[in-house]
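Order of writing sets the chain letters: A, B and C. Residues in each chain are counted from 1.
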Amino acid sequence: MKRGKGMKFVGDSRVTADKKKFIPKDYSEFPGRTEAFWPNYLLKEWLVGAVFIIGFLCLTIAHPAPLEKMADPTDTSYLPLPDWYFLFLYQLLKYKFASAQFFVLGAIVIPGLAFGGLLLAPFLDRGKERRPHKRPIATGLMILSFIAVFWLTYEASAHVDWEEKAENNKPELPDDQPTVEIDESDPGYALYEENSCINCHGGDLTGGGAAPGLIGMEHGVDEIKDIAVNGVGQMPADQFQGTEEELQQLADFIVSVNEQAAEEE
Amino acid sequence: MLQKIYDWIDDRVDITPLWRDIADHEVPEHVNPAHHFSAFVYCFGGLTFFVTVIQILSGMFLTMYYVPDIENAWRSVYYLQTEVAHGQIVRGMHHWGASVVIVMLFLHTLRVFFQGAYKKPRELNWMVGVLLFFVMLALGLTGYLLPWDNKAYFATVVTLEIAEGVPVIGEMTKTLLNGDPSIVGAQTLARFFAIHVFFLPAALFVLMGIHFIMIRKQGISGPL
Amino acid sequence: MSEKKQPVSRRQFLNYSLTGVGGFMAASMLAPMVRFAIDPVLEATSGSEMHAVVDVSEITTEPQRFDWTVNQVDAWYTSDVTKSAWVYKDENDEIVALSPTCKHLGCAVSWASNPDYPEEFFCPCHEGRYYKSGLNVPDTPPNAALDLFEYEVKDGTLHLGNIVENTVQEGGA
């Protein structure tokens, strides 16, 4: 390239005015079976990419991205699990040597050492030798950590019933449950309050952390009476402490709220 | 016509050297799967980049519908998945892409590690690569809070607990990420959204730029 | 194009293939995303829905403003939106329901709100004016007449629906 005196520029810019015609490099300039990046090698890479994206699109169409229920901080039955690539850390924290008083060891020191070691690998493994079997410590440590991560991930996921988890957490629009104005002067509501139903099922009968909502149920009057006395699922028996007449009133009240809800839908 | 437009621009800005530098470098035989099938291991880095491009594009399009707000985040995701044409596919691309990119990164890292390609003079590039790995993991972590479903919420609670366990700076780190010392809610979602969409991608672009420039400078490591 | 038939060189062939494969990758990646983004444009507009507004007996020959509430579903956000119209009976006893949205820049007009123009709709933003028929007064900012609501009378109640263009030409009060 020309330098110094006699150089011409486009206007007052630093772009040189005398352009040389561009001639692509001859293939013979590349020694051996080396080839040009553009277009020879890139074409091969892009063919791999094209095959890859077909497979990738098939995956996205065959397996829709999962979406669970809208976040409900009061849902105590939910088993929280991170994405699969964090499962190994999640599992590590389950072990005795990595939890409780050793929490810092499990959450900070072990992952810190592993990732720090990875980051500083070039300074820990300083030999000139590149072949894996000539540097057994580096290779061995990597294989060990790989096995450990793989095994921890497997351990974490093997005990989870993924299908059931997905089944219990199907997305549904939260306002599927209609809000109903509850007649708080109803004698049934007073019983609902007195018999501590309200503590779990909530003042608006929509449920809470420990108990489901009472709106949109399939139960009839007799079933409700039975549940109030004998309990169901996690609900203990003998919640209801009133007379038979009051029980009838309570059940009628709950059913009436349900009917009201059904009308508004 | 196109040629004339190109020449007009080239006269003024001299763009030819920029792209010829990328196009004209030679690729050695030992990384070319056409000569040695085992050279397919060199594809993982490229595929990682490809999935990253998919992630960036699908993420950009997803934000056309998504809102980072605890009342509406889940609803907007549900809406775009059920009501918008191809919403299922675009969210699917972003969701599965997040997993695939981790797999590809993992394979790429293993390839470089077992070949000892991180040795002199490529130490710096290895470190930038490991930082890229961290950024990707952080993107995954912040990304799965965004739909605000049960999984998002509870997994984030656990993550924040772990952050809190760090000695000395734990409390501060947690509050910094969470936006509030105790409530995981509106501020958390807003913060995670900002981190996922602006801060981490910015770091990702810078690191990727450095990674690629160093590859061009140093060339690919020789055969074993 | 050269007249001589030139064989495609190896480099040219590779470049064409490269463009093809690259195009395929870009297309398969972007096709679902672009369709996703332009979905609102392609979505068919929902059919007209009539909403009860006011008892016909309340409508006079003087334009009055009536409000009604519509349950509006805006993608994932459902809300009650108040709409309003200027409604009167014209000389033929036909009901006219005008949209209050100024055709200039979308401010809200109101009847006889400016003492200088007692028999006109007036828009305070840029002093746009409309005759009673909704026709814009020449030489004021708006360049079209106020839009009309589709209407029907059911059981003595006025129902209003979609907005339609007002084709009124001349006249008005």
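The definition used in the following text is that contacts are C-beta pairs under 8 Å (C-beta built on N, C-alpha and C of every residue); 3 or more make two chains touch, one makes a residue touch a chain.
The structure displayed is predicted, hence computed values, not measured ones.
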Item to complete: By the contact definition above, name the pair with the higher C-beta contact count: B-C or A-C.
Response: B-C
Practice prompt. Could you work out which chain's C-alpha centre is the most distant one from the centre of chain B?
Written response: C
Worksheet item: Cα centroid separation between chain A and chain B, in whole Å?
Response: 17
Worksheet item: Can you give the whole-Å distance between the Cα centres of chain A and chain C?
Response: 42
Response to the item:
chain A touches at least 2 other chains through residues 24, 38-40, 49, 53, 57
Worksheet item: Which residues of chain C are in contact with two or more other chains?
Response: 29, 32
Worksheet item: Mind pulling the chain B residues that touch 2 or more other chains?
Response: 54, 75, 78, 89, 93
Fill in: Residue ranges of chain C touching chain B (in the complex, touch as defined)
29-30, 32-33, 35-37, 39, 42, 75-77
Item to complete: Would you tell me which residues of chain B are touching chain C in their complex?
Response: 53-54, 57-58, 61, 64-65, 72, 75-76, 78-80, 83-87, 89-90, 93
Discussion item. Per the contact definition, I'd like the list of chain A residues that touch chain C in the complex.
Written reply: 24, 38-40, 42-43, 46-47, 49-50, 53-54, 57
Discussion item. If we count contacts the way the header does, which residues on chain A are in touch with chain B in the complex?
Written reply: 10, 13, 15-16, 19, 22, 24-25, 30, 32-41, 44-45, 48-49, 52-53, 56-57, 59-61, 63-73, 75, 78, 80-86, 89-90, 93, 103-104, 107-108, 115, 118-123, 125-132, 135, 138-139, 142, 146, 169, 171, 173-174
Item to complete: Name, in rising order, each residue of chain C that touches chain A in their complex.
Response: 11, 14-15, 17-18, 21-22, 24-25, 28-29, 32
